[in-house]
Amino acid sequence: MEVLDLRPLLAPLVSFACAALVVVARKNVFWRRFWSLCAAVLKLVVVLSMLPGTLAGAVYHTPVITLSPGVSIAFRADAYGLFFALVTSTLWVVTTIYAIGYMERAEQRARFFGFFAVCVSTTVGIAFAENLLTLLIFFELLTVATYPLVVHAETPEALRAGRIYLTYTMAGGAFVLAGSLMTLSAAGTLSFAHAGILGLDAGRATLAVIFMALVIGFGVKAAIMPLHGWLPIAMVAPTPVSALLHAVAVVKAGVFGITRVIYNVFGADLLGELGFASYLGALAACTILVASVMALRQDQLKRRLAYSTISQLAVAVLAASLLTPLAALAAVVHLANQAFAKITMFFGTGAVREMTGKTHASQLAGIGRQMPYTMGAFTVAALSFVGLPLFAGFKTKWYLSLGALHADAWWFLVVMLLSSLLNAAYWFPIIHRAYYGQRVAQPERSGRRQGAGLDVDRDAAGATAASAGGKREAPLVLLVPTLICAAYVILLGTTAAVPGMPTSIALIAVYETFGLAGPVR
Amino acid sequence: MRWLGLALVVVAAATLMLGVADLPPHGAPDAPVHTHVGARYLERGVAETGMRNLVTAVLLVYRGFDTFLEVVVIFSALVAVVALPRGRAARPDDGDDRPPAASLTAEGPAQQLVSVSPVVAFVVQLLGPFIAVFALASLYRGHVSPGGGFQSAAIFGALFIAIALVQGRERAALLVPRGARVWLQALGPLSFALIGTVGWILTGAFLGYPADAAAYALREAMVVAVEVGIAVGGAVILAQLFMAMEG
Amino acid sequence: MTFSWSQAVAWLPVLPLAAAALVPIVAQRNARAAGGFTFVVTLLTAALAVALTIRLVAEGPLTVHLGGWVAPYGIELRFDRLGAWSAPLATFFALVVPFAWRYLEGSVPRERWAAFYALMLLNLGGLIGFSLTVDLFNLFLAMEVVSISSYALVAVAGRGTAAWAALKYLLLGSVSSLLVLFAVALLFALTGSLNLFDVAARLAASEPSPAATLALASLAVAFVVKAALFPLHVWLPDAHAIAPSPVSAVLSGLVVKIGIVGLVRVMQLAGESGIALDVFSELLMLLGAVAIVMGAFLAIFQDDIKLMLAYSTISNIGYIVLGLGLAVPFAVSGALVHVFNHALIKVTLFLAAGSIIHQTGLRTLTDLRGVGRTLPQTCAAMTLGAMAIVGLPPTAGFISKWYIGLGAFSAGRVAYGFALVFGALFVFIYYVRMLNTFYFQRATREEVVAAVEPPWSMRGPVIALAAACLIVGLFGGILLAFITPAVGELLAAMGS
Amino acid sequence: MSQLFDALLLLLLISTAITVVRATDLVAAVVKFGLYSLMMCVLWQHRGAPDVAIAEAAVGAGVTSVLFLLTVARTTRVEKP
Amino acid sequence: MVLFGVDVDYLAFVVLFCVGLYMLVRKSNLLKKLLGLNVMETAVFAFLVTAGMIEGADPPIRTAGTGPLFANPIPHAMVLTGIVVAVSVTAVALALIVQIHAHYGTIEVDELKGLP
């Protein structure tokens, strides 16, 4: 049942307002932090407040501005949107806390936190977009808002990364724009519908062009393989930004967009008839494997994480392209599972770098003894990626496999298996080395926490004996978010059908999309 | 690039030929150009405007707004020329080796580009008053014979230039007092705006002239006001253009 | 005398033009007072234009037959939905003039202020007259008023380079004016009339002739030159970059649009007279698409921010021309809305750039590194303007891009649709460069570090305009709804 | 007779215009242009446009030529080939 | 009189127009360019006046003893206006040329192109 409600609009607006206040507060540390946190918490509250209604089957919607018939800016919180919003706003609270700790001594913090707030605001806007136009607007805003975060360091390297990032994502935005325009002229409307809005009468060629344009457009953000170039390069950004880009906002927005296109613009039936989805699936499968192999070859932790992200996102895309309910469920829950696990890893990596200055996998020998909690969380996330039962990742794999069997896509199981093996291959050595490895007498780099001043030249900093051996865990402000995320990974893996947990909303979303009878409430 | 220019000329010529080849031959009284608006003006113009010179009637009455824009155009030209800095003053590298700039007028240190023979000077001085009378006549009789506000402005302007050429610009400048210039140069647009408004009040149409016989004198007065505005304003502007260009 | 709103239409162009004649008189006493006087006049004109627009919406087009001579026997001014363009025109002038008050100090010698303000008013009056008149010869004269004042405004800041830029502008502009005059003469020789609609009706009644087609084609070429469409753009960059910033804003945002308004008039003529210009509109589309890309491409290599903005005008004119050439409802509406949007955005950008140049004395990106920190408000306005001109949602530029693109796709011109969408991307490259230097690089020049925000008479207009870029983006549907009936008429005539 | 006169005048006009093109001395060019304007004036008088003829004589031949000459005086007299 | 299928007067107008255009396009000297522009303008005026004439007609001044045929007054009014516009543009252009010469020391486009 549709309910007219302001909350879908309020959710993005709240943090926009807070972002403005963050910038206004600028010099005042307390108020800046206060408004940063406020933005995160208020939004989570708004999103959560919609949860009971959604579980009861309500769909909140807010029309804002009608531009011309069939084209409007409007918000609509259906189950899938709410699911995505819930994941992002939960993670955002955690990331904000982490960022406050991490960015303590960086420059231009007002700018950082301001755009940080805008960023997730736009992500929630994407989640609640009622139609392609609204989605596009927030998609572009997201691009713009993340740019200052990527180039935050203002080094030539960061600027170059920012340029590449923008080139990719703006091109993606242009594709989405073209696709939306073609959709509008073919369908006469842009509002998402469960059965899709396009029909076969638009002509196969036109539909193919639309599908390609939209998938390429969102695929850039989702980093599907030939379009992934920006992601590893954008790793120069501060760790909370990487976490935000790779786990919460940007890449997920891409996957979310693709699923919207598949299910709500084309519709599973139409796509099944056209058969375009299988090409996308094949592409995603290649991405999974190639990206995993690439990840194996990266020594720098953040780059390895980046390639792992590429491969994990492709899993969701692949699942979505199978067009069966169970696979769709896998795609949806994977959004959450991957997000929590990946963000745990980023937090861990960031904490390690903060404390010791180590950035490469090969340097991590013995770190597990030095930072047991951090590395524990890291391990949990890694196990989840490999897909061990009781961890979030297993859920995805399980639904995926079932869905693939439904779709008679046995080859998919092979891909999944290989992916698990590869995941194990690039995560386990790190963990092994962290716990059992012996510290090599290499010139140690000092972490920023021991370095003097703000701009520690990481390569030039001399070795400090202080870091040798002994426990030196990350400060609480970094550690707690990491542990919370790790806990979530386990929670997601163990408690499946508890109402209020993402999985149950995901179920509703899938039932809605496929027009099945409602789930057991 | 040079060939491009030549090609442009050839293409333009060919296109124009194609275009004009299609026009009705000129001079035939039954061509569409003569049977539509112009015919009406010729037929009823005298009665409607009280002017026998229909060109003046078109300029002032039927298409008065065009003429308003025309005086605005020439006013803009003056403002534009005034807005530009004086060339000599702005010259950054006025080296000594440069020969003194040539001048057209009689005095000044500069050499004269075109020497004015005493005979010409005498003729100008002799004819000056007559030319002025001619200009006035063309203004005053503009509605019954060739001439009118703008023609007389042109003649006045030309006369000013002639005087400046033979007698020096200082003498000529006395004809247009410095303090009055800003007022006089604005006369064209202002008289139009003013009379247009008067017409609006009287007839309900901007730039309208009362048509009834009773208001004959009033209409005459309005026409003369506009004509004088155009003539004086135009002449002053032409004179100032000359002076500004002269340096 | 009874007051009627349609008679007030006549005052719309007359007010600024007559007031222009008074400016030197006012300035005789005090050059500053001339600025105030000009501002009041622009404000009055804007108020009148807005009042007329309200009447227009309430009761339909307002027509005035000057001197009471009904067309085709006299000159007719029409305040219809296209003529309502004069309302934003006057409003933009009312924002640019106060900006100029302080800007002129230091960039234009005091004795030339009077001329500057007079030329601004002449320009405004000419632009308004141009957009209102439906008499072809009157159109030519209004265009000349605009042109002459524009040539002079380019050169007003004084150096010889400015004069050379102005002369280039003048030579091409005069050729285009001459083409217009020639076309008008040709149409007059064919029909004996000068009123646009009367001419069209008489052409429709007579046999189709190559002469009429030639006339329309030369009109179109002339207006394309005025609009600076790509291969004929050569006069624009120098003229717009060298002129003082308030002038650049007016030239780039408003004056080039006479080419567009002229093209719309040509479309009206062609539509009403039944002369098919298919080949021509194909050419327009092609050139428009090329202009989008080339304008943006050329802009990338500019270091001078004003030169960069000037090239972006070429690119944006491409959008508009492409939209007009597509001749489908959405595209034409989008193009006409973009006439307004581009004016808004370009005025914002040039004024913001002007503020930066005025406050720092520097004008190249290389020198302006880090200026975002010392001039945060101005640079924020510039950023908003940059986002708008790239067409990022939800800013003003997006609306027009959206509708032109929609028109392209719905007309089946997928290639042009893509050219439009990706041309915009090209545009983005140079604005990113600009934002990078403003915000993400450290200042290298003392002037930048020492700069302070400009006085409020400059800052106010810039901020108001930047806010408008965003507001128009959100409520652009209103503009579209406003212009759609006019587009419907235009296209209905062309379809018949 | 009238037609012959017309044709002759047109030929003269064209040839004067061409001499304007060919003149390298700018003063000569301007003077020739003035001549051209005056001939145009005669043509218009002949075509029943005395008003235009007066204006052209005063403005086209008079004022314009003088302005041109003034400019020549302040710039350069010789056109470089 | 008709030549090559074109009215001779119009033919002459086209020739004059093209002579002016030639001067404008091919001459490097700015003054020459401007003269060319003026020639083009007069050509258009000549065209207008010619289009407005009627064989054997009187000037459009309806005094006693004239008529019955009169030339069309509208083109005359247009040309009159046009002449003023032409002289205005010329004046502005000349003022600019003086400026250019003062700054660059030349008024040849070929030389100006190479200068900053």
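Letters A, B, C, D and E mark the chains in the order given here, with residues in each chain numbered from 1 onward.
Throughout what follows, contacts are C-beta pairs under 8 Å (C-beta built on N, C-alpha and C of every residue); 3 or more make two chains touch, one makes a residue touch a chain.
Please read all numbers here as calculations on a predicted model, not as lab measurements.
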item: Co-neighbours of chain E and chain C - touch as defined; value: B
Partition of the remaining chains by touching, absent chain C: A | B, D, E
item: Centrality ranking, top chain (CA atoms only); value: C
item: Chain centre separation in whole Å, for chain D relative to chain C (CA means); value: 37
item: Centre distance in Å when chain B and chain D are each reduced to the mean of their C-alpha atoms; value: 18
item: Distance between the centres, which are taken as Cα means, of chain C and chain A, whole angstrom; value: 44
item: Residue numbers of chain B (touch at least two other chains); value: 16, 20-21, 23, 33-34, 37-38, 41, 53, 55, 63, 66, 70, 73, 76-77, 80-81, 84-85, 87-88, 90, 146, 150-151, 241, 245
item: Two or more partner chains touched - positions in chain C; value: 137, 141, 144, 148, 151-152, 155, 160, 163, 188-189, 192, 194
item: Multi-partner residues of chain D (at least 2 other chains); value: 49-52, 55, 59, 63, 67, 70-72, 74
item: Interchain contacts (touch definition) - all pairs; value: A-C, B-C, B-D, B-E, C-E, D-E
item: Parts of chain E lying in touch with chain B, wherever the complex brings them together; value: 2, 4-7, 9-11, 13-15, 17-18, 21-22, 25-26, 47, 50-55, 57, 59-63, 69-70, 72-74, 76-78, 80-81, 84-85, 87-89, 91-92, 94-96, 98-99, 101-103, 105
item: Residues of chain A touching chain C in the complex; value: 65-68, 73, 133, 136-137, 140-141, 144, 148, 151, 154, 158-159, 162-163, 166-167, 170-171, 174-175, 177-178, 181-182, 184-185, 209
item: Sites on chain D touched by chain E in the complex; value: 3, 6-7, 10, 13-14, 17-18, 20-21, 26, 29-30, 33, 36-37, 40, 43-44, 47-52, 55-56, 59-60, 63-64, 67-68, 70-72, 74-76, 79-80
item: Residues of chain C defined as touching chain A within the complex; value: 387, 392-394, 398-399, 401-402, 405-406, 408-410, 414, 417-418, 421-422, 424-425, 428-429, 432, 436, 439-442, 474-477, 480-481
item: Interface residues, chain E side, partner chain D - complex; value: 1, 8-9, 12, 15-16, 19-20, 22-23, 27-29, 31-32, 34-36, 38-39, 42, 45-46, 49-50, 52-54, 57-61, 70-71, 75-76, 79-80, 83-84, 86-87, 90-91, 94, 97-98, 101, 106-108, 110-111
